[in-house]
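Pasting the structures in now, so scroll down.
In what comes next, subunit A is part of two complexes: it sits with subunit B in the first one and with subunit C in the second one.
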Partner chain A sequence: MQLRRRPSPSGILKSTYYLLVPFVLLFLVTLVVPTVHMFIISLTSRTTGSNQSSFQFIKNYVAVFSTRDILRALVTGVLLALCTTTAKSILTITITVLIGAEVAGKKYWHYLLLLPLSAPPSVVGLLWLGIFDDLTGVANALLLESGVIQQPVGWLSHASTGFCAIGSAMVWRGYPLFLVLIFFSLRRFPAQLYEAACLDGASPIMAWRHILLPYLLPAISVAWLLSFLLDLAEFDIIYILGCGGPGGIFMNALMKAYEIGIVSNRMPLALAIGFTVVPFALFVIFMVAGIFSRWSSQWER
Partner chain B sequence: MGAIGVVQRLATHVVCVILSSVPFIPLLVAANSALVPTAKLYAGATVFVSTPPTLAHLRNVVCEGNILLWMRNSLGLGLASGALSIVAALPAAYFTARSASRSLAFHIRVTSLFSYVLLPIFLAIGVMITLTNPIPVLLVQILLVYACLQMPIHIWFLEYAVLRVPVQQLEAASLEGAHDCQILIYVLLPQLRWPLAACILTGLWLAWCDYSIICLLRHSNDFHTVTTGLMTLRVGDVYRWGELMAASLVLTIASFALFSCVALVAKHAEEEEDVCS
Partner chain C sequence: MAIKKERHSNFWKWALASAGLLFLVVVAVLIPSPSQNRPSQLRIMNAEIWSEGLMNEFEAIAREWGNQNNVEVLIEVVPLEDLDAKTTGFIESGSGADLIVTYAHKIPIYSQKLLDFTDIASETVRPFSGYYETARHMTTKDERYYGLPLYSWSHLWVYNGEALSELGLQPANTYQEALTIAQKLAANAPRVYPFGIGLGRDDDCAMFLQATLWAFGGSVVDGHGNVVIDSPEAERAYEYVLALWNEGLIPPGAFGWQGITNNRNFLAKRIAFTMNSPTILLAAQKEMPEFAKSILLTTYPEGPAGRFSYATGFAFTALRSTSKRDLLANFLKFFYQPSNYRRLITAGRGAVNPWLRGCEDLEPFQDPRLQSCLHSLEIERHVGWPGPVTAAAAEVFQRRILANVLNDVVNNALTLKQALAKARADVEEIYAQHAIAP
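Entry: the complex of A and B
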């Protein structure tokens, strides 16, 4: 069997660790050293272009949890990521149900569904701005012409509509990631199980519920967690669709960190926001890796 | 097929048609704006092609604009950083695929994922601050960050490809006295042509799509990749709406072509490996 992974046959990879040198070097230079350096900066009051800085200890971290705007950005980011990820999973599961169905041009249909994943996020932001822009957006044009509304809606000026507009763009861009992982998982699905269940009288929905869904659960979990992380870190789409909205109502943690660090030149506080999110992200990453490892072991068996 | 069957089949097709339209709605809107000559800010709502369509915006973007220069910059950065990433990822992928140490392999996957998820988020700013003194050439910094960003994907791609190389070949080479490095270069590398091509294309695609990192790290306001260049069409209150949408459309189509290349190359790699096995 070719996909045998471990235990490694004796004689292969005798002195293995030097193979990791380039990986470790790149990782050290671009990730570890800057992280340590940034953590030190986050404990100071340093500003860009100034040599004066004083040690603040955890003052910046206390400020993260005591400043209303920052807390709101943290909560908004999590809420937005939760909503968009849930919407993506519902959309993808609907498509998965249809995957089993006989549809004309099925192969091309699958492929076209992946189209949004290929677009750069900043372009996605602009494309959706073309729909939801208050003045030139197509959404207002269509609703006005059909008589649903009497005057243009400020889609990106209000909390609820803005949330929906940004969420739509993020769902549009992100759902193909779910599909890719599920398609990948489906390639190894033992189809005879499904056929046997149908022959035994199970309805397509029952077969899907009791056979396909449990099989796809690891893939859906990995996709859900990855998508949640990526949505939590979304910057381009939120930035382009109204720069976080009036008063920063749609700002997530990353946008807030950008605003505080780059625009307001308070880098230590911005970095403290970043480091507040890191442990949470790390926890999710370990869960993803754990599920992924179990998933690959399942395949090996 | 009974009446219920016909209704079910019809309903399935209707849902499929609705779902199929989802990827195209924003693109149709962009195409509409790109073809309408009066598309600009404060011109009122963009109505579907009320005037004769024009290709002027597309022509301006492609022929008179700098979109080709931006594309060249993006592709250059993607190629260079992809090559750098592969140099680090290939040995690591060989290690994770064939090492007996499961826990270490697991940690390599976790750390690489860490870089993929967190680098674009919070650490690019830190890279900028930290590396400015030792490495004054900012292009090198961009390459390093991009390489680190691409590394986890390359490790996963290549690990999967290494696992498909028959163990017996590696064992035979090892018994003949070949060193790990020699096995990597002379046995594995020739069999990983297509996965490597897929990795390079993935690197190109990631560099093509990035906006936030290049915004933070680019060394001059004259240096643009496709995403930052696109934003030059939208400065303050001046929206060159038609050109903006035309450029968005061109870039989406180019991205999709690049993405399709990745998919085709990966598929070809898999088919070739299946034939070999």
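Entry: the complex of A and C
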């Protein structure tokens, strides 16, 4: 009888690589091939519906950085995402502290706070339009009734108030993502650390600052980056709250790409806008992955 | 040796599985979609118009034809917000529904990818008295039809008749009268804004500004394609709109309005009149029947250069690569039989206008208010007028260059001349970009 030898660990590793081959192929066919195809289109000049096309090399990419509207949309999108994500993190930390306190009906607050997560962005947009509409909105109705203002305010007509309105809607929709990640992290928080600090004379604020916050930081970082990516690609809320704003001031890169590619038939330029955002998004994704791996190694320790 | 053999067999097993998977994916990509292989099926993409009756009748006619010809008819109704994206997807990919109902102004732009319908058009129009001029302009390129004109909707001035009758006023016949009426209404009811139109990026604003520009003798480009957006006539048109804004006759949030805002504010009686399609009347008839009785509809008022309205129309198109030409021809000939087409327009109850002459006697248009829709058909102009419908003209309209002028004056502290010079530069850049594209 011939005995079969157990395969070596490196052999097992190799066979697991073989297992991945179908998925790698699928990945290549469904993601890489269309991406390369679109990148090639972004190097051409043609109008949707036209059969002719000419190679333009990086002309569309130069246009992205030299066209005032497009550049503004890129910057606006990044700034808006930065502001909303930072606001979300501050709001969530505040909620976490409040929820940490003994509040009546604490269990139900959790569910209520997660409610915005269940609403699609378009519904969120319409809800906030009901607040900031100049003639039928709740905000103006309250301010007019209480005598604070004499004439309705055009919230979505001006850059400052419009950004606040859109930002509020985006924060409202996105903060539950932070809450979920932070609550999950809190569930595994070793409470004895906190108690020990308090016994050693640390005030609740010091204990929160030096023990709880560093502990939550990895979760906050991950939530921050995920939220930033989602806000960078926001469309519905910005569209519903003023169609991109007067002169398109609220437009982000995604809306601009839609306007140029889909509505205005210049797909190569729209794709160039998309590919300009991609390296930035990839950088953020790698950062998230790095934090995840560092976080998990901390857990292991 | 045995281990090596085992490893080899593993490798070949997975290599075979991968090759099989790749083969399946390639086959799935290469074989034509099922619809193209099955002549007994016709897929139609229809644009959603806010009229249930119209949508139902469209489907009923299509199904009737399907039953008679033993063809399965599949209808996908696409909301108007998604219509551009869907149509672009079909054009870019070269596959999709067999018959596409899309915006008519897209047809000259996409003509190289679309099926030539000239023969079918000449046959289907025969029982009627021809097409309306705008319909013909928007669906043809070099005198060939690449789409079959279906219907349009009017952009009308919609008045709260109660507010007007309180002051003994009549709907405006000229732009000057409109200003006077707005001033009187504002003086009478300070919390109701008379001139309820957005000045931002919504469609109603874009159509209002374009029609007003034409009425004052201005345009974006002239008949030869020269940019004339900063002409003295255009300046006068903008001065008119800015006067409305400066006098507080337009709501303060108008720069942030979107498509539904004017409808909502009109039905909430927060504005006295607005510019919209007649669907606002249909909505009122459904939800506020008493108020609906007082609503008045008129065509755009007359300006120094005449009376104009912006045309939004829809047409049937098909991809040039379709293998179902005979089936499509058969369907379209049935669809455009006078009895079927007339019953479709009747079911719309005024939400849409016929683009074929000879339907003016239909029941909805006996309502004096909806007769404005028929008058509107005569004053409608297409995007880019007096130039042709081009991708550049459509881009100027869609990127709201006309509304940006107002924003630059009101919010960015530019003078009107500076704002118009900026708009001119923007238009020239757009036209230049499209000129580069072969």
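The working rule: the second predicted complex is superposed on the first by the 273 of 301 C-alpha atoms of A that agree within 3 Å, B and C clash if a C-alpha of one lies under 4 Å from a C-alpha of the other, contacts with A are read in each partner's own complex, and residues count from 1 in each chain.
Keep in mind that, in the parts below, a contact is a pair of C-beta atoms (placed from the backbone, for glycine too) under 8 Å apart; a residue touches a chain by one contact, two chains touch by 3 or more.
Nothing here was measured: the structure is a model prediction, and the numbers come from that model.
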{"item": "Subunit B versus subunit C as contact partner of A:M267, first or second or both or neither", "value": "both"}
{"item": "First (subunit B), second (subunit C), both or neither touched by A:P22", "value": "both"}
{"item": "Which superposed partner A:G154 touches (first subunit B, second subunit C, both, neither)", "value": "second"}
{"item": "Partner chain in contact with A:S54 - subunit B first, subunit C second, else both or neither", "value": "second"}
{"item": "Touching partner for A:E259 - first (subunit B), second (subunit C), both, neither", "value": "second"}
{"item": "Contacts of A:L241 with subunit B and subunit C, given as first, second, both or neither", "value": "second"}
{"item": "Superposition-derived comparison: subunit B or subunit C, residues of subunit A touched", "value": "B"}
{"item": "Contacts of A:L135 with subunit B and subunit C, given as first, second, both or neither", "value": "both"}
{"item": "Where subunit A meets both subunit C and subunit B, residue numbers", "value": "2, 4-5, 7, 11, 14-15, 19, 21-22, 25-26, 29-30, 135-136, 152, 239, 261-262, 267"}
{"item": "Subunit C - residues contacting subunit A, complex", "value": "2-3, 6-7, 10-11, 13-15, 17-18, 21-22, 25-26, 29, 84-85, 88, 91-92, 106, 109-114, 193, 199-202, 251-259, 261, 264-265, 268, 270-271, 391, 394-395, 398-400, 403-404, 407-408, 410-412, 429, 433-434, 436-438"}
{"item": "Of all residues in subunit A, those that touch subunit C in their complex", "value": "2, 4-5, 7, 11, 14-15, 18-19, 21-22, 25-26, 29-30, 45-54, 67, 129, 132-136, 151-159, 162, 239-248, 258-259, 261-267, 269"}
{"item": "Residue ranges of subunit B touching subunit A (in the complex, touch as defined)", "value": "9, 12-13, 15-16, 19-20, 22-27, 29-30, 32-33, 39-48, 84-85, 87-89, 91-92, 94-95, 97-102, 106, 108-115, 117-123, 125-127, 129-131, 144-145, 147-148, 151, 155, 163-167, 170-171, 174-175, 180, 183-184, 205, 208-212, 216, 226-227, 230-231, 234, 239, 241, 244-245, 248, 251-252, 255-256, 258-260, 263, 277"}
{"item": "Residues of subunit A defined as touching subunit B within the complex", "value": "2-9, 11-16, 19-23, 25-27, 29-31, 33-35, 37-38, 41, 91, 94-95, 98, 101-104, 109, 111-124, 126-128, 130-131, 135-138, 140-141, 144-145, 152, 172, 229-230, 233, 235-236, 239, 254, 257, 261-262, 267, 270-271, 273-275, 277-278, 281-282, 285-286, 288-289, 292-293"}
